[in-house]
Each structure stands twice: as C-alpha cells, then as structure tokens.
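Next up is a structure, given as structure tokens.
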Amino acid sequence: MEQGKSLTEVLGIVASEMQAHLGHGRVADYIPALAKIDPRQFGIVAASCDGQVVAAGDADMAFSVQSISKVFMLTMALEKLGGALWRRVGKEPSGSPFNSIVQLENERGIPRNPLINAGALVVTDALLARGDPAALIDGFVEFMRDRANDESVSIDSEVARSEGETGFRNASLANFLKAFGNIHSDVNDVLRVYFHQCALRLNCRQLARAGLYLAHCGVDPVSHAKVTTAQRARRINALMMTCGHYDASGDFAFRVGLPGKSGVGGGILAIAPGRASIAVWSPGLNEWGNSHVGVLALERLASLTGWSVF
Amino acid sequence: MEQGKSLTEVLGIVASEMQAHLGHGRVADYIPALAKIDPRQFGIVAASCDGQVVAAGDADMAFSVQSISKVFMLTMALEKLGGALWRRVGKEPSGSPFNSIVQLENERGIPRNPLINAGALVVTDALLARGDPAALIDGFVEFMRDRANDESVSIDSEVARSEGETGFRNASLANFLKAFGNIHSDVNDVLRVYFHQCALRLNCRQLARAGLYLAHCGVDPVSHAKVTTAQRARRINALMMTCGHYDASGDFAFRVGLPGKSGVGGGILAIAPGRASIAVWSPGLNEWGNSHVGVLALERLASLTGWSVF
Amino acid sequence: MEQGKSLTEVLGIVASEMQAHLGHGRVADYIPALAKIDPRQFGIVAASCDGQVVAAGDADMAFSVQSISKVFMLTMALEKLGGALWRRVGKEPSGSPFNSIVQLENERGIPRNPLINAGALVVTDALLARGDPAALIDGFVEFMRDRANDESVSIDSEVARSEGETGFRNASLANFLKAFGNIHSDVNDVLRVYFHQCALRLNCRQLARAGLYLAHCGVDPVSHAKVTTAQRARRINALMMTCGHYDASGDFAFRVGLPGKSGVGGGILAIAPGRASIAVWSPGLNEWGNSHVGVLALERLASLTGWSVF
Amino acid sequence: MEQGKSLTEVLGIVASEMQAHLGHGRVADYIPALAKIDPRQFGIVAASCDGQVVAAGDADMAFSVQSISKVFMLTMALEKLGGALWRRVGKEPSGSPFNSIVQLENERGIPRNPLINAGALVVTDALLARGDPAALIDGFVEFMRDRANDESVSIDSEVARSEGETGFRNASLANFLKAFGNIHSDVNDVLRVYFHQCALRLNCRQLARAGLYLAHCGVDPVSHAKVTTAQRARRINALMMTCGHYDASGDFAFRVGLPGKSGVGGGILAIAPGRASIAVWSPGLNEWGNSHVGVLALERLASLTGWSVF
C-alpha cells in the first residue's frame, strides 16, 4: 500500500477524487428501465481475503449487474460441464464490440469467449440443457445469494421484461447460434434466462462479497464454501483480464492491471488475486459500454494499492 | 513453489517432461534461413529478481528472436516518445493473426497494438523518425547487449536478408500504413530496420536476462540500470498478457497466466512480475505461430511454481 | 437465333443436352420439406413477348419458388412505395452469401439489395407496414395468380411451416434488422409472410408467364395489364443482373448475360428484355445455392439464341 | 431514339443539361498531377457501330484514363492467356471500394474481379509474365493507338511518376498478392507498368473510338480489325456491368443500364451493345470515385436513346 495508507484511506481518496468526474459518460439507454437512472452516483467496496470489507460512496445502492452475471454463470457452467464447455465457446478476446455478430459468421457459430453476449448465451444454454428456464433462474438467484451471503438478493423483473421487449440484437445472436447448432434449447427459453440473469440487482457490498472466491483460489474465505477449483478460478480471472471489457479489455489491463468484468448497469467487478474482490459502480458509460468513472476509480485504486498483477 | 521444490528442480522436471513432446509443431518455413532448423531442440532459463539464473536443456543455443524483439523496441519507443506513441498504435488484442491487414483497413491505419506486425512497424518508424536506419539498428543491438549483459549479442545478417527477400506481407503492411500516413520514414528504411531487429540472435540465457527489468518494475535488479519506469514496465507486461501471442493470447493467459511474447523462431519470453524472467525455446510452432513445446513448458512451470498472476 | 433454329428447336436441344448433367448438385436440405425431392428433374419454358410459349422437359412439375418470390414482392413494393423504398435497402451486389449478416453490421442495418434475404425481409416489412400478415400473404398469392394467369397458384403450407421451424438464420437477420430499426412490424409477422412467399409453388409454365411483364417494359403483353412502369421493370432487371445469384451473380452475368433470379428450390427466372421470359427448373444446387443444371441450360439457351444483352 | 431525336440532338441535350451540374464532385487529389484539373469541364462522344461519331462539349480535351485502362489490358490478357486467366482472378463484384484489401485476405490472394485494383495488378502481371516492363508499356500504347486509330495517343509520364511516388496503397496490394504467390514478376516491375497504363491520356473522341470493338462483337466495325472474340467481348461487357464502378456498380446498372468502366481521371467508357461506344468525361468525382456528371450524363443519354440493355 502506497505510503502505508490503509485500505479505508485509499477508498476514501478514490471516492473523493471521483466526485469531479461524475456526470461524464452516458447511462445505457437501450434498456428503458435503465435509462432513468441518475448518472451522478458512485460506490466502491473492497472485500479482502482476510474478511475485511471497506466501503465508500453509494455502496448500498442496488444496480443491475447486467454482463457481470456472465462471470457467475460461467463459474456454474464450469462446475457442471468442466472442460467440455470449451468445445462450444472460445477463450480469445474478440477484438469487437460486445454484441458483434461478424465474428460468429466467420467462425461458424463458436463465440470467441464466454464474456461477450454470444458466448454468454451459449453458457446459459449449456446450463439450461433443454431443462426448465424458471428452475435455472431460481438456481442462479440461489447461487448469487450464497455468494453474496445475503438472502435479499433478487432479480428486477421490470428490467428483465424491458430487456425482453427490446433485446432484438440478443435475439438475433441467439437465433444465429441456433442456426449453427450451438444453442440446443429453445431460443426463447435461453433468452428468457439470459434477460433474467442480467436483471439481477446487487449493491457494491454484495457484489464485492460475491466475487471473493475468485480472489481466493475458488474458495470463499469467509464461509469456506468451495465454489470452484483453484485452477478454474485462475482461468476465469484470465478470461476477465483478456476479455472482460469487450473491445476495451486491453485498455483496462493496461491502465488497471486487474482482471475485471463490467456491465452496462455501470458496475465493474475487479479481482486482486490473493488480496481482494472489488466492486465499483457509477452508471455513466464510456464509448465502449464500460463505466467511465468505474474504470477511473479502479485505475486509481490499483495505483494507490500497488495491486496490479503486473 | 509446489511441495517446496527448488527452481532448479522445477526446470529439471519441465525439461524432462518436454522430451516427449519434441518434434511436434512445424518450424517456420516462410523465412528460408529458419526452415533448416532441427525442431527437436528445447531450452529454458529462469532469471530471478534476486539474481539467480537457472537453466535446463539447450540453454546456450542461439535462435532468432523474431517478434520477441517487439517488446524491446516498444520499451525503447516509450522511453523516447512517452504516451504520444499511443496516438499511432492501440492497446487492444486484435483477434486476428499476426500479420492481418483487415483490421487496419477498418481502423484507418492505426494498428491494434504494438505486438502485431503492423503495430511493430509503427513502433520502428517512431524510433526511426526519418533518421538513419543503420544507426537505429546499431542502437537496438547496443540496447540488447546492455539488457543481456553480453557484448557478443548480434544480428544474423543472413536471416535479415532472407526476411527482406520474402517479406512481402510485411512490405504490404508497411505500404498500407504509409498510405494512411502512419509511417513517416521511407517504407524501405522501416522494413530494413524491422527485418534486422527480428534477426537478432539470443540464447535462452541472454533472453531471460534481457527481460529481467520487466519483472522488476523497470529496473535491472543486477546492474541496477533504470531501463524504464515501473508504470511502463507494468503496461508492457499488460500488453504482453493481452496481445503477446496473436490470436492465441487468450489461450496463453488461460493456460499459463503470465505475460509473454512469442516469436516464430520458437522463443517465448515470459515475465513473472516481482519474481523472474523466463526464456524458453523450441522451434516447432503450433497453428497460431507460437512454440508448441514452449507454451507447454511455461504451462507446467506456472503450475509447478504457482507463479500465475491470477 | 443461331442458324435459323426455332425457339422450339432450341429448347429441345437444351433439354436434351441437360440430360447428361442431371444428378449433379445437391438438393437444398436445410428445409426438410425440400430435401426429399428427386434431383434428376429438369424443365424449361420460354414465354415470348409475342405470346408464344415453348416448353421442354418437366415443364408442368410445380416447385417451391423460394427466393424468386423476391422479384415479385419487390415489384409490389415499388408500386406501393416508389423510390422511398431505397432509403431502407441498397442496390449493390453484396459480394457475400445470400444469408450473410456481416455486411448488415458494418452498414447499420441497411441491406445491400432487395434480392438477398436481409433485403427481402425489409421489402416484406415495407409491404406489411404494420398491417395484417394473412392479408399480405393473400395479396401476394392474388398478384401471382394474375401474373401466371392461373387461379390454381398457391402456397405449400407444409413448406411454409417447415421453413418457420428451421429458419433460425432468417429469424436472426430479422431481429438484427429490427435492432437497427429497419423492421417496423413485429418480427414474427414479417417472418411469417416471408416464409409463406418463399413457399409459393409454380411450375415453369406459370413462372415464365408470371415474369413476362419484366421482358415487356412492365406491361403483360398478353393480358395488357400494366404491372409496373417501364423504368421500374428495367431497374428490377438491372438488380437481377447484378444481384440475382448471390455471390455468383458476376459469373451468371458472365456466362448467361441475362438478368436472372434463382431460388433454392432449383428454379431460375431469366429475362431477355424485349424478347422473352424464361423459367428453368432442376433441383440440384451448386455451391452458391443456384440450380446447377438451370444455369447450364440458360448458358446454352443464351448461346443458341444470341439473347445475351451484351 | 425518343421522339425520333437524332444522336446529335440527344448529345446536345445532354451536354446542355449537364452545365447545371458542373463543379459538383471533387477532383481526385491523391495523385498530385491530377489534383490541379479544373472540375468544370465536360465532354461526351458517341461512336456508333455504323461509323458515325457524334461529339459535344470538351470532346477533344485529353484526360488520364486511369482505371479505364483495365478494360483494355483485360482484353489483351484474354487474347494472350484465354480462360487460364480466371484461375488467378474472379468474376464477381467485390462489394468493396476499389482499393480494398480485406477481401484479398479472406480469399487467399485471388482478387474478386479484374476491374478492381488488385485484379488489374494480376492482369498486368499475367501480361508481363516476367518479361520486360518497358516492352509491355510500349505494347499497350501500341494497342491503344490501334484502337483509337490515332498515333498521337501517349502516356503522361509526369502522371505515371506522380502515381509511383504516392501509390502506397497499390504497392501494398501488389506485395500482398506477391505474398500469396499471385504476382509472378517483380513487384516493382508490375507497379511500373500499372502506373503507366493508368497514366495514358485520351480524349473522349479517342476513347469512344477505342471501345467500339466491345459494342460490335469484338470486331472494330471501321477498321474491321478482329480485336477479340464475340464471346470475350460479351464477357468483358458483363464484367463492366457488374464490376465497372466499384461499390457503385449496382447503382450504375440501375440508373444507366449499360456496361461501363470509370476512372478517377473523370472518364467513363460505356458500351451499348450492337449500337455504340460512348465516352464521357468530367473530372469531379462522387463519393465512390466515379465522375459525378459523367454518370448523370449517361443516365440521361440512356433515357433519351432507350439504349439500356434492360
């Protein structure tokens, strides 16, 4: 820690510095239910492997996790299917925006990685396995309540419905994958689960807590729950590093130096392996669809803590 | 270190296990001077930040560094130009093969990152700055002798000439960049330097030593030379992690978990920040143009040492 | 006509020569209801502007017109909307397979031309105009009965249903267009009409008769019905020439020299302006999805008649 | 001819109407020697198969033919190599700008057609056949003098040099083709010929005369010289129709309905098969690199004469 600052001091500095940047960026407006959110909000929480939880700003305001859900669904899918999942989805950065369809056509329906929309749809389909969408949605909420250690965690059904009504790009991707045989369940079932997982609401406190197993070799250091293997946790972190911020993943690695996953709700989950799980939230997005202030805050945090993995 | 094994023991295990894999992969044949090399060779050296150097296999056999030179030229360019370099080259994984031209057309002549060929040509042009190609080649050799702490380091002029005679793809890229105004010097001058930097010969011992500043915040821990700033060293590592293995960069991060840069001569430089610089060499390449056995060896090394950054 | 041969003689020669080629090519298998058709069939009919109708081979076997329907829907849409249609769809060859989605992403949801699937979906949506799908389907059948001068013309509902069940690629395209705002009606309504128009059944006699207005400045020379203006007829022919055979359109122009439109049912409609409308059918497709023997037959017909426009 | 107008009257009307449009469009500025031309010029000449030559406007002003040379080099190459040429270049519209390199990468160095730059470089290489560039340049000038029936036809060496100094995009394409083995001669030799053929100067009178064989089954109707076969003439016309105006070829076919080839010098050669060869020139270019007023003039001419092939 720079100049012997405590984690509490660091988060205070970050939260204070970020005030000047609030209001920059645009709130995601393609999901009507998200478009009404005040962009001038900011929260940050670091949950460390030794059980400490430090918060600053709007740490208790719940937001829509959106694409951050992909990390947790991926964890569930790897536990269920193991390495067989990688026959259906790749591990490479896509070099394209989050909802691109071009690469899919060239690569015959195998999405580049599980953290872009196409790949996440395949992960959801793999978990669904022609089963019951409602049961999978329930299972996901259950998993997230365990991770966040908070039974109040739930899905915002208005957001889920709102996504369903306007999610033509995702419907296009899912049908495209189905045309290549890489969606096995009914397209509408897969989309239903996907729209619900994205609509999960968490606050920074819950999200930081939920990601802690990724900073601690797959085991929740507080509850001691064995969520996944050490190797899988490392690999999920590797994917977050190379693919977690769409076509700004390289920039995030360059500036922050931590594995991270962003969502268009304005949240970012970042992992400092062996140290902490960090959740940050600010709804204004930059041109790549990542939280403008969230990335800045993590850059400062990494700089002040020296937590960059590089 | 797993089960308390020493670094010497770990490298011995890795070198021994790799014997079974030698002969797989294909030697790069598009550069005639490289096509004659026996693929059944393997060397590995780890130089640690505390000054220890451990070797196994063909650690003293010199090979052509090829694209690994991009890391060192990038270091030189950042020292010379600072952040201004990033106006001419990006920081994102390309999602394409090493010599792709497609992305350049869509993105108006700004290469995705400095570790693909197009980006490296821009870096070379930035260092050349309409100056003398011979002087830049000399300056690069000088820099590498300092890094490797070995005055015998030199360029294989036969390989440099061989590349010049067959490097139509690189000539195409350089002319393309020139058409977009992102090459300022004469195209032939830039190509001449580029073909020479690629033709530098190093053995694993020299390469591991040369990369040590990247594992130690930009400062050579042995000579105490300040090669670059801590921030730049971290950022170069970040680029190696997200972009160092072309369109298999995600797979390398997933399997090895260390920043690395490969060359078609069969070498790979990997960095374990704060710990060591590792050079591995085996000439047989996999389908992405990276050393087949080199990647396997680093995967085992990372597993046995626990050096993955994730 | 070469060596003073009559049209009857020419079609006899063509039909006879084609026997040797039957069985080449593959029947479209992605629509189950089409996959069962015997590929060793061939029919050809030329309807000339002076009212003559000449037939050879299986001229009375009905087949699924599939993409040939795009020509007639385009005619209807131009009559309804005029030049305003061209704000929603282009006039350029796509250089891509019939169902490509790549170009759509780059060009923000404006399909290259109305004869590829994406463009045809926009044409269908333009005709639907948030109206009643069943009424549009009826209107199309009505239009085709008038064109073919045959009240028995109808849609094969089994094929329409079969397309709906497997048309994930078209569903993907339609959702993609909707995401860009270039589908105004409900996606499922548009797809329903599209799958029905493709499932229209015609034999060569009916199809040649139906296209006659395109060979005669927009006016049916037999019934004197003014189907469209002379300029629009010419322009539809131009689009058939440059875009009528997907990414083999250039080859068709090169070999045949007539505007034409193919369908995966194995039919092709070709127009010899001022002279005749020609329908040919043989179910085996070449690698570009056009009737293998159909193209050969038209090449011979153009050669024997000298009807190439070039 | 509309309302019994003579060809002289038609050209008079067209030339008169075009006055209002002069000055629109931009003169090609990437070749310095072309950038100084006054865009407010316009010439048109129709040479009919019966020997008539009708002119209007600046019919005797010489201009740089640029890409129109591709049509004549293609004719020469087909005479020399026959159908073997098509193993090295395709016949399909590219769907891309004239100097695109993307498609080349996907299709392994086989250019889409001989009328885009990449394809024309292959045609030039095929004619060069490792021979003497100066001899090929002389042979081309000779061929054009014969076609134009004018010994004064020559190459503007300042323009040729100017293209060589700034033709980085073409140098990139040629090196790219060489990397795929689809250029056999020295890259610089091929480029030298290409830059010279583009720098040929013709006025509308000469150009219309030169293209006459394409309107008359391959035979010059005045000199009776057999330039190519009837089939090849038709096929060249077909390529001009589908590929002659880069990514505005479809629009040209739609609006004009004649095979045509444009050049960035502002010239267009259009063929009315069996009727006439038309040359038009006006230096201001539209956004696709075709003469803005030239296309308008041909659209009016086709409308007034009824010469559209559709």
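Labels for the chains are A, B, C and D, by order of writing; each one numbers its residues from 1.
Here, contacts are C-beta pairs under 8 Å (C-beta built on N, C-alpha and C of every residue); 3 or more make two chains touch, one makes a residue touch a chain.
Here the structure is a predicted model, which means the values were calculated and not measured.
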Most distant chain from chain B, judged by the mean position of its C-alpha atoms: C
Chain centre separation (chain A, chain B; CA means) in Å: 32
Inter-chain centre distance, chain B versus chain C - centres from mean C-alpha coordinates, in Å: 55
Averaged-CA centre spacing for the pair chain C and chain A, given as whole angstrom: 47
In chain D, residues with contacts to at least two other chains: none
Every chain pair in contact, whichever chains are involved: A-B, A-C, B-D, C-D
Chain D residues within the chain B interface of the complex: 100-102, 105-106, 168-169, 171-176, 178-179, 187
Residues on chain C engaged by chain D in the complex (per definition of touch): 90-96, 103, 112-113, 233-235, 237-239, 241-243, 247-251, 253-254, 257, 259, 273, 308-310
